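Here chain A shows up in two complexes: once beside chain B, once beside chain C.
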Partner chain A sequence: MSMEDAIMNDMTQIDQGVAVDELKMQARNVDVFYGAGGGTRSAEDMAADKAITHAIKHVDVDIADKTVTSFIGPSGCGKSTFLRVLNRMNDTIDGCRMTGDVTLEGENIYDPKVDPVQLRAKVGMVFQKPNPFPKSIFDNVAYGPRIHGLARNKADLAEIVEKSLRRAAIWDEVKDRLDAPGTGLSGGQQQRLCIARAVATSPEVLLMDEPCSALDPIATAQVEELIDDLRSRFSVVIVTHSMQQAARVSQKTAFFHLGELVEFDDTDKIFTNPSDPRTESYITGRIG
Partner chain B sequence: MTDMPISTAPKRSLFAADARTVRRNRAERRFRAYGMAAVGVGILALIVLLVSILGNGLSSFRQTYVSFPIELTAERVDPDGNRDPGEMARVTTFGYLPLLAAAFEAHLDAEGIETDMGVRELAAMLSEEAPAQIRGMVLANPDLVGQTIDAQILMGGRIDGFFKGRVTMESAERDSNVTPAQLELAQILADRGAVETRFNWDFITAPDASGSRPEAAGLGVAIIGSFYMMLVVLVLALPIGVAASIYLEEFAPKNRLTDLIEVNISNLAAVPSIVFGILGLAVFINFMEFNQSSPLVGGLVLTLMTLPTIIIATRASLRAVPPSIRQAALGLGASKTQSIFHHVLPLAAPGILTGTIIGLAQALGETAPLLLIGMVAFVREYPDLMSVHSNSFPLMGDGATALPVQVYSWTQRSDPAFVERASGAIIVLLVFLLCMNLIAILLRRRFERRW
Partner chain C sequence: MLWILITLLALGALGFVLGRQRAVASAGGDTRVLHSLPVYYGTNVTLLTLVPALLVLGVWLMAQPIVIDRMVSAQLPDSYVAEAASRDLLMTEIRRLADGIDTAVERGAFNGLDALNLSVGDDIRRQLADAGVALGADVSPEVLQAAQSFREMSGAGRTWMTVAVFALALAGLAYAYLRTTKDLRARNRVEHMILGVLMLASTLAILTTVGIVLSMLWDTRNFFQLYPWQDFFFGLEWRPSFEGNSELGLIPLLWGTLYISLIALLVAVPIGLFAAIFMAEYATRRVRSVAKPLIEVLAGIPTIVYGLFALITVGPMLRDYFAAPLGLGNSSSSVMTAGIVMGIMLIPFVSSLSDDIINAVPQSLRDGSYGLGATQSETVKQVVLPAALPGIVGAVLLAASRAIGETMIVVLGAGAAARLDLNPFEAMTTVTVKIVGQLTGDTDFSSPEALVAFALGLTLFVITLGLNIFALYIVRKYREQYE
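After this line comes the complex of A and B, so read on.
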């Protein structure tokens, strides 16, 4: 059985009897502006300003628990920007301003009382390019638990590391060389190491920004399999350029175009019977 | 008509280079030749520099001594007869000079060497420092009084120069400080094995000596002064520079104020060093009344001078850390400070270290600002970095001098023997710089191997 078939098999198994779980995150009327500088200008005011890039326009998205939600759309449509809204990574970009409400289990994550550092421990992130720390494999995975004080002692930490590496389906490949540098692994292994690292802090939501774009088809298949696995514990949000990938791994799909959320629905419906003509053009390859 | 080829050039063989290619290849060869010539000129300049410095300066690490027995008669060196060093210190070097001269003459007699030179002329062959040498020995060990010791006595600068080939019979004819007869006698002594030229530890450990006794001049005070200054610069400039760079690079908002600061830091790096000397004179000595010529003030001035270098190097190496590392740390829920101290700083460390050591090396070789704060002084006492017995301000350090300033002041002196000393001091300075660069390389290796 080829890898592809295995994945397809997995897919069908999962797709059977998918019940939409409870709501995890909710975004309402989100607007994101670049080049806005500081200040407290209103969304309408900034939208009218030609000098300010209006990257995300009035987007509403519901992210369900234990579900893979994928964001698709052409380059520059704002899907990565919106992903970073969900764990406030945009805060680190100069001149980036966001309006609207995003809640995690009913709590507004943009509330002034919220510490983004604490939020990001709950909403983990995996990046487009594998970016392991130039440290040992063990230290890479142990970093999150260490800074959040998740392990009581060394044995505890070792257990978390092993569990995370197993969950990221890389344990067997690296168990004999945990002291080797993480940067010495192959691209696919590095990306799975990054996923293990993100999983190690026990996040509730895992954001993935094109996690397979730098990987070859085999490594991609491994990561996709892994994403499917992760769904049993986390809510996963994945940004992807590949519509096939969205179709393979996700249950919900959001299609972004020019900063707007065009359509957000069950993956099956988006790919078989989209309601918006723009979605149809995109998935059939006419625009993009 | 639509099939018209784009170019109508005739078809040519790949084996025959066309004129354009030939021209291009020639230009390439020419450019490579320019580059090699430039490198050649650089290497040649380096060789000339090293050969001239080593040729002039290596001999300063060797010094000529003559050995003969000296009777330390009690009535000369200890008139009170109580062997108390405090009392004996009242006998100055002038008291030891006749003793030494007489012993030298007696030695020549005993050896059967005939000379028509008087005692004064004979004594002139020995260094003016020699009586002080003997006096120091006696004061350090009063038991020597009354004994006859076999001492190695420093010979005069001209005699030393004669054995090193700097002074010849011809030049001695025209020289009022040495006569051919003295040189002949020195040669006879050398033939009998009484003269020895050996490694000169005193050059590295002894303090400076006056202009008329180059043979005794050493770098001790200058090395200690330079060392203390490097210590002050390292302790102050590294943390301040790194902290400033981290703030500017990672935390500071990008606005007009930070732009202004940035431009000014770059400008400060280009400010002539003597300006920092004037600043140090005005602020540290005139306003804050720190001790003149103390290594602490020198270190403070050099810190100001080195800071821009360290800040620029540190910022460059911070900027070179890939942003993906910062994002990875932030994405895991690390705070900004954690991401910087756990990930960015270790990655930037080799660059920061290199920048710091380049800054230190620059500071080590700096002369101009030190001249202005009085470090060009003639210092015989070994300095303390923090001294409690200083007059104006407690804990502000004794006066000292520094290696490059010592080179400068030696080149100002008239005795040609100081040319050799100055070149020798430059060799010591270069060895220091090489050591620092070596440390930089080793630290870099160590830090880089850890990942």
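After this line comes the complex of A and C, so read on.
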């Protein structure tokens, strides 16, 4: 059975319907503060301090397995910050403090026993701006597997790289120049390369922070198609400014406003029959 | 001289006021109608008054002595020149006499008319000595005559220069003043003239470099006429002796230079680079704001102080604890001493440049790496350093060209003995030290022993220039990738 067949098989399995309601990640009562410095101040204490930015306010979100969840909302509403809560990327920012609980398959990811580095291998991330490393295309994709020792030998690594590039729908364009620098690709190709790089470590959840904002409509369409494919293997969480995009690719949508989660529901319901007036104003273009 | 400058500046200031007034008047007092702000009209007049006049003044001041020298020199009868030692010496004597008479007139020893009527019989040497001007020898009629015509021409030249400069300044002032109307695009004109001034400045800088190289080339050529170039470039011995029969081989000096620079880089690159990685990637902002300036203090220490450190501390220490016990010699001046101390001197160069370069690596690359579950050191090793590598190589090459040009640390740390040896605890020396050595003291600038300094200097210049160009090339070639 060739690899392509294997991938096709994967996809048909989904289409036959895997339970979409299986819970993958759960966030409860999450607050995020910037400029908080060190220490162990309580959420109430920090919220009362005017010098501290209260970026996320008591947010609860459930991320289901094999589902695309989109976060929408005006700029500065905290959706990217919240996304970075899910793989502890905020740990790398000075003065950023988070309170509340986030679990991945029932395990608290902010538990001191959890290694954030291991966590990020399970919760992959694709960024707004394509950021290929200044290495060859092959080395870009092989980066994660090499770090985590996922390949037994060279042939195995090559297979992982090919599979990831295929999954990111860029294999045909780059298969003849895997040694060329990843920085030499076009913007859309770079972004798909970054997606390939993220899926190469076989994460369980893939976080995408406005993955299409730097792309033209054609590349956007390709990436959206890709997101739909990725749902067969991963849960995908996507932050987007485009409501059409959210409507096209996601099954669940969360609307953030001023650091609060205003509404979180099935995408269809959010876009056709929102229960909160602020959501309605935003999707009809009156705020944001 | 001074009063010419002051008067010119006063004219410029006058021009500013006049130009501004005329512009405002032509607009009927409503400055909104003017094409440019009033200050530009004033500046326009000032610049047209000052710039051409100052340029002419500068060129004239440089050209006049050369022209007059030529003319006076041509007047001297050839037979008399043949009698004296050389034309150059004679001209020096003439200039000295002319200056002496001028000084004497200034001090009131005799009046201007007397000065013109001086003759050899008047015992000029004694008269001038009374006025406080010492002459080397008695004045011969030819020299006196030449000196008198020298004075005459200088005086005339000065008068003409003053006339020309002021005529030009006034013409510029008048022209610019008359052209000033409310529609004059004074703003654009000022812009153009400023561009011209900026271009002039950069041209001067470049011309100076060219001039330095040319002067070195000239003396180097003289050297190679006296000493065969094969012996210079491939000679294995450096044994200058002012009685002749010197052996002036470049190789031992070049070897010392490269050996010391290599050790310096072996010290500076790892320490500097690790310091830079710590500063850029690991240190908190507080630590960074304290530690970075502290490291950069090293760059502010004069090299002679490093030299003393090498001579008094590092040299004896290396000798007592390493060289002597290992049986590698007992000289406190050694390649190792100079290399280590020079390496310490270079640490801030490497660390500061590398720090900037590492900081310039986009944060998005780091985020991408962390997002894939890489640790901080994996990120630094596999993403940040490869991205910064070209810049770091550039920094190292710049440090290398500093090391090659260093003198003081070598003199005090490694000694002045030219030697071809592999033992790092031996005293050796470098090209720069020998340049200083060959030119200090009583030197005869027509002997190969002195002229060799220029050949050495030019060789060094070519090496460091090559390194710098290579460094710039590498830095530039790879920079585009991340912007």
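Keep in mind that, in the parts below, the second predicted complex is superposed on the first by the 269 of 288 C-alpha atoms of A that agree within 3 Å, B and C clash if a C-alpha of one lies under 4 Å from a C-alpha of the other, contacts with A are read in each partner's own complex, and residues count from 1 in each chain.
Here is the rule we use: contacts are C-beta pairs under 8 Å (C-beta built on N, C-alpha and C of every residue); 3 or more make two chains touch, one makes a residue touch a chain.
These figures come from a predicted structure and were not determined experimentally.
Taken together through their common chain A, the two structures put chain B and chain C in a clash.
When both complexes are overlaid on chain A, the residue A:32 reaches neither chain B nor chain C. Using the contact criterion defined above for the overlaid structures, shared-chain residue A:283 touches neither chain B nor chain C, since it reaches no partner.
By the touch criterion defined above, A:239 reaches neither chain B nor chain C. The superposed model shows chain B running into chain C at a single listed stretch; among 4-12, 112-120 or 436-444 it is 436-444.
When both complexes are aligned on chain A by C-alpha atoms, chain A residues 87, 89, 92, 94, 117-122, 124-127, 129, 131-135, 143-144, 147-148, 181, 183, 194, 197-198, 201 touch chain B in the first and chain C in the second. Residues 87, 89, 92, 94, 117-122, 124-127, 129, 131-135, 143-144, 147-148, 181, 183, 194, 197-198, 201 of chain A touch chain B in their complex. Those residues of chain A whose C-beta lies close enough to touch chain C in the complex are 87, 89, 92, 94, 117-122, 124-127, 129, 131-135, 143-144, 147-148, 181, 183, 194, 197-198, 201. Considering their complex, residues 253-254, 322, 324-335, 338, 342-343, 347, 451 of chain B touch chain A. Within the complex formed with chain A, the residues of chain C that make contact are 284-285, 362, 364-375, 378, 382-383, 386-387, 481-482.
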